[in-house]
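Chain IDs A, B, C, D and E follow the sequence of writing; residue 1 opens each chain.
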Amino acid sequence: MSDVSTASILPGRSGAFGRLSDVFWRRPALLLAVMLIPPLLWLGIIYVGSLLALLLQSFFSIDDFSGLINYELTLSTYRQLLIPTNFDIILRTVVMAAAVTLASAVLAFPIAYYAARYATGRWKAFFYLGVMLPLWSSYLVKVYAWKLILAKEGILTWAFERLDLSWLLDGILSLPVIGGNSLSISYIGTFLVFVYVWLPFMILPVQAALERVPGNLIEASSDLGAHPGQTFRNVLLPLAMPGIVAGSIFTFSLTLGDYIIPQIVGSSRLFIGQAVYAQQGTAGNVPLAAAFSVVPIAIMGVYLWAAKRMGAFDAL
Amino acid sequence: QEPLKELGKGEGALSIVAWAGYIERGETDKNYDWVTKFEQETGCKVTVKTAATSDEMVALMNEGGFDLVTASGDASLRLVAGKRVQPINTDLIPSWKTLDERLQNAPWHTVGGTHYGTPYVWGPNVLMYNTEAFKDQPPKSWNVVFEEMTLPDGKSNKGRVQAYDGPIYIADAALYLMAHKPELGIKDPYELNEDQYKAALDLLRGQRQLVGRYWHDAMIQIDDFKNEGVVASGSWPFQVNLMKAEGAKIDSTFPEEGTTGWADTTMLHVDSEHPNCAYMWMEHSLSAKVQGDVAAWFGAVPSVPAACKGNELLTDEGCATNGFDNFEKISFWRTPVSKCESQGECVPYHRWVSDYIGVIGGR
Amino acid sequence: MTAAVSFSQVSRHFGPVKAVDAVDLKIAPGEFFAMLGPSGSGKTTCLRLIAGFEQPTSGHIEIFGETAEGVPPYRRQVNTVFQDYALFPHLSILDNVAYGLMVKGVGKAERLRLAEQALELVKLPGYGARKPGQLSGGQRQRVALARALVNKPKVLLLDEPLGALDLKLREQMQEELKSLQRSLGITFVFVTHDQGEALSMADRVAVFNNGGIVQAGTPQEIYNRPRTRFVADFVGSSNVIAPADMQRLGGEARWASLRPEAIRLVSEGGIAAAVISESFLGSATRLHLRVGEIALNVMVPAGQATPKPGEEAKISWLASDLHYMDGEA
Amino acid sequence: MRSDRSSAGWPLKIAAAGGLLFLHLPILLIFVYAFTTEEKSFQWPPPGFTTQWFAVAWNRPDVWEALTLSVRVASIATLVALVLGTLAAAAVARSAFFGREAISLLVILPIALPGIVTGIALRSAFSLAEIPYSMWTIILGHGTFCIVVVYNNAVARFRRTSGSLIEASMDLGADGFQTFRYVVLPNIATALLAGGMLAFALSFDEVIVTTFTGGQQATLPIWMLEELIRPRQRPVTNVVAMLVVIVTFLPILAAYYLTRDTDRISGSGK
Amino acid sequence: MTAAVSFSQVSRHFGPVKAVDAVDLKIAPGEFFAMLGPSGSGKTTCLRLIAGFEQPTSGHIEIFGETAEGVPPYRRQVNTVFQDYALFPHLSILDNVAYGLMVKGVGKAERLRLAEQALELVKLPGYGARKPGQLSGGQRQRVALARALVNKPKVLLLDEPLGALDLKLREQMQEELKSLQRSLGITFVFVTHDQGEALSMADRVAVFNNGGIVQAGTPQEIYNRPRTRFVADFVGSSNVIAPADMQRLGGEARWASLRPEAIRLVSEGGIAAAVISESFLGSATRLHLRVGEIALNVMVPAGQATPKPGEEAKISWLASDLHYMDGEA
């Protein structure tokens, strides 16, 4: 400690770092700016800039014959977006996204609840990995696995036959609208795969939300005379809601935009993602594709705004 | 733009947009390989981007970055009009002279006497069917995919047939109506006035009730025939050959109404970065050996008649089997335009696109 | 009279941990009963056994004469004020208080009226529309109280309800709780690890250690006649004197306790002690003395002159203030 | 903590177990098919079992090419995400400045909007700016949506790391850089590692954004898509998928153990 | 002699909040100085101004005669023991203690030796290899102390260092801190909101309210001669008597404070008072009395008989114990 002087205040630091440190200490706003500029450049310029470019494209139109873009501002692409054929696509996708979100929430809850409230130590790890593993296993391969399961000659048919339950499967398939010739070419199939693939995205935030619910609130409810059902409805569900909303941001958004699942398991009726993909990729109608993708942007914009108000971001 | 004047050295690379099965390097079956040798001889490394529909091909070419495309008739003229492809100098392609005369000046690659590519192969969209479902009564008409009926195996065709997931399929419906509703006065399935067009759409709406899933990709169609219980569909000989080779109970036929079909042209992108390799490929693609091999693999008809003889893979019957003599009966894919030849005003292609999506969507 | 709560040989073991072990306990109706003890001594577990959150591993519990085992918490006429209040964060204060009535199916108008009344009782009228997050610690504590009281429980359990409050607020709440209990006549079972709180508030105190009750009795009994060394040590800041030291001071060779305030400074006679240090406590000054090896604390009331550190003091005490006890730590 | 240690009811147990089973059976199926002797179609039940496909997969150069590209893309995207995500998190955690909400929204947006929107937006920007497609355009896309996972992890850790640690460090004589080096970095390191691993996995499995931002080069998922639609040897795809699952399992496990003890290790020490 | 810390008219405003407002303050070298005050009164902000975590909005600060404004914390020879200790969780105890030496560039062997010494000073030898998570609250508190002391600061700042400890531990640490300060001779500035702690430990106490110092002086001054009603109220549990009531009791019409222990129960004469309630405090019993409308607390030493609630008591006090003061609340 030989260099520790008797002065009560040490001299300023020498060297670039020392001086810079003093400068940052005196001007915290400068430090803040230095930290913020790189992410803002990337997200604000590259990403938001791209979104704006996309928005701009939606105001162009396309030459029907050559497929080349006509760079004049027009609303005609939006008019095209609202013709019944395209509107059907939007409606179909939104209904599917809502159904998938609801089902994911219902399926996720018990898993999340068990993991959050009852699992400890080893079991906690088991549950965590049990959710993370499917989440991170190859999305494509999972979807294909489902095609094998759902195909007319697939595993489910085989299983139903083995169990002498073919009548049940046929009954389900003969349902109007959601049924079809086989599970893999029906809305039921599409729905199942969506739910399967996005379910982990729901479980994790719900579990996080439930973990934040103090255990004694449940005891307090019970102490005040609520039986378990009442406790669930009045305490658990409302408190898990931010988690559910956070999860639904994923399930809803991912369903809105996916084009691979409905193409592999579905009835050839298009979803928004497919429409965007087809318009931009196969039809080369970038303006219409852009207009189509404004739909999920708008929906998610409203959704995020509502979620923010519910405090769901903290649960993300 | 002026076509290339003379051939230079290869640039070492070549990228091609092609239909599935058009460019093979022996990966699926090592007997079918017409790339490896080309690469060795020219030093042009070939990369292939497969496209499933003509629309996709046009989009890819619009986007750029490719040298060649094997465009069908419903894409080729759009590419020319959009100035995405360049005229070619036939003098730089010695094999040009060996081409089938029926194709040398075909309207889908010749505009105002200028050639925009070399013909590749052509063929019909055949009716593929499952021989167990049809027992010993192979279908004769496209009605098995358009009208609800009981098939020879005693079960309805509902949910067991497929249609092509591309707007050009409206022409198949028009072709069927040409034979069955002559009062509509359809002369050409690619030139439809409002009434004729409406009738075709109605037919397709009826078909929607029979079709579970439309086919979009050749491989997925094969899958659907194998795993989804599909028994009849318009198809390409390619799928038929592949499935037969695997021993599936599949055959195909050339129905009485005639068929639509494709005649494809290898076209050169305006901004091609490897024009010399591209010219070498065009020449290579017209060699009798390649023509025969492609024809055999895809189930197509070669554009070079000489390929019909002496090709091990195609065999000497191959050309006839694949429809060499049906040229006149095939309505080749073409892009529908509003100013049409057979009548004053026709429904243009962009309406085909959105209306067909509507039909599949159930509208 | 049947006891409000009665434990006979109740144990609650968690694997090897004997959280509560063979406890016998009777709490009289209307009594303010405090459970005092160091951390981990089993107080909370006892309370949870009464509330029904835990089931005894063995033994028998009765609440007003009725067997409690197997009865879920929501069927017991017992309510709890949790240490951290456990207010429902998503409900307004009024809805929090009305919760118990709501789940019992009391009509909306009626239950809100009763809840408002309960809020008045705890001196929070008009706070009903707020959310728990908008209240201070003391206010939340009162809401928790109102939420329990509105159900008219036969026994009210309070688990260190004042633990999170600061000193002033704490003293104020102590008085309020005590007067509320008196006016309502409900049996209060109060858990704390603060001996001052237990002594000043309770009618009877049970001192816990290691899952068992070491001594139960009135505050005066506990304070003045600790049964064991542990109790003397834990309750108040007594001078606990070892048998050998006791002998040296001229007493019996047994453990003894001597309250600091029982030691007097005398000018003549008495025992000579060295003053080690002093602390000014406001109402008194605490002196640390040493008699040979024996350390003693002495509390000198304010106003009286105190010898300074380094000086010598003479001390004495009344024999009656010396309390012999069990050596159990 | 201990209040809910009573055991769960049977209906809950069954629902939870059923849910987990639902999540895992299809993955098991992939594993089974990696061993089937049937090459062309997916016959159920598989006619026989073999391990030959592992050798076949090992010898396929296209698998290696795709894998290499995926690893490069994911590594660089992760690096980008680590730097940008940490900076943004530090800024947001540090001070309440105007627009702080906007930053968190901005970071969340790329994951909250469907991948196809991110993809097509970047693609149209590339074409407007005439940027040719390359590995770097893919990285641009992946980096964008990977930032959020690093950001989330880092923000959570910053929130749990007592601000007084930084003050304590300065109080003890460390300047800003020393404080970052000796206090901030060690405290957020595991969170960054966990976030980085998740970012890597997210990039490694991304199909949709890659489809739009990539040119001709195929990442592993793009290879798989091609392979699943136009299979050459179907079980090879499953072998690759299975290996990827097994290999990603390790970082997930690591990420879990790294962040699990957070409450204990990164608290203020109270 | 230059003051260790001197504030002249120092203010620190956060927008509209005047956290510290025009404070004048001198702390002598080697003094144990306590800052006492309710929550939000500006104690912590004052401390942070000394440490350099905050800059004054106006006014001038000197540390041992040197101007402190604009000097970052890492250049001040001042160290802080944080309320939550702020031990670095990723470093071992030894590395925590050696941290200040490390960043100053002291060689490894040397700094570990000094750190080990510091750990001995706080009675934690041999704990160096552990992580902070493996220590109890009291032990962590000592590590925080050692970590600060090893730097040989000229001023040591302590922000409620005992706030998180439980009663027993807290009393023990109070003594240890005090004796440590005495032996090292370092200036200690100690923040607390516990008046007992401030009174018993400090050489001088500054009582804060609303960002300003209301009174500064020795513990005895503060306790016995509070300058204002606020000080009397806040320090100890005095009976604060309003002017009107004072008049009624026969005194001057001014605010006055009267310590509960200064009131005596007498058998004859004195003022008649009704006993409202009593609390047993162990070493004493607190009676709540009422003289007409005037509520008074009286502390009766243990052992003395106390009248029961409902009975009447007679009380008196010495005129010298009655202290008149400023009415400022």
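Methods note: a contact is a pair of C-beta atoms (placed from the backbone, for glycine too) under 8 Å apart; a residue touches a chain by one contact, two chains touch by 3 or more.
In UniProt terms the chains read A, D = Putative spermidine/putrescine transport system permease protein; C, E = Putative spermidine/putrescine transport system ATP-binding protein.
Not measured: the values here are computed from a predicted model.
Asks: When I count C-beta pairs in contact, which pair ends up with more: A-D or B-D?
Replies: Between the two chain pairs, A-D has more contacting C-beta pairs.
Asks: Name the chain whose C-alpha centroid is most distant from the C-alpha centroid of chain C.
Replies: Most distant chain from chain C: B.
Asks: Measuring centre to centre with C-alpha atoms, which chain is farthest from chain E?
Replies: B
Asks: Please report how many Å separate the Cα centroid of chain C from that of chain E, as a whole number.
Replies: About 26 Å separates the centre of chain C from that of chain E.
Asks: Centroid of chain B to centroid of chain D, CA atoms only: how many Å?
Replies: 41
Asks: Where the CA atoms of chain A average out and where those of chain E average out, how many Å apart are those spots?
Replies: Whole-Å distance between the two chain centres: 53.
Asks: Which chain B residues sit where two or more other chains touch them?
Replies: Touching at least two other chains: 63, 226-227.
Asks: If I count partner chains per residue in chain C, which residues reach a count of at least 2?
Replies: Each of 53 in chain C touches at least two other chains.
Asks: Could you pull out the residues of chain A that touch at least 2 other chains?
Replies: 10, 13, 21-22, 25, 154, 216, 219, 280
Asks: Where on chain A is chain C touching in the complex?
Replies: Residues 214, 216-217, 219-227, 230, 234-235, 238-239.
Asks: What does chain C use to touch chain E in their complex?
Replies: Residue positions touching the partner: 39, 166-167, 171, 178-179, 193-196, 199-201, 219-220, 223, 235-237, 259-262, 277, 279-284, 286, 299, 301-303, 321.
Asks: In the complex formed with chain E, which residues of chain D make contact?
Replies: My answer: residues 162, 164-165, 167-175, 178, 182-183, 186-187, 264-270.
Asks: Okay, in this complex, where on chain B does chain A touch?
Replies: Residues in contact with chain A: 51-53, 55-56, 58-59, 62-63, 78, 81-83, 158-160, 165, 211-214, 216, 226-229, 335, 337, 348-350, 353-355, 357-358, 360-363.
Asks: Mind listing the chain A positions that touch chain B in their complex?
Replies: These residues of chain A touch chain B: 63-68, 80, 83-86, 88-89, 92, 151-154, 180-182, 184-185, 263, 266-270, 275, 278, 280-284.
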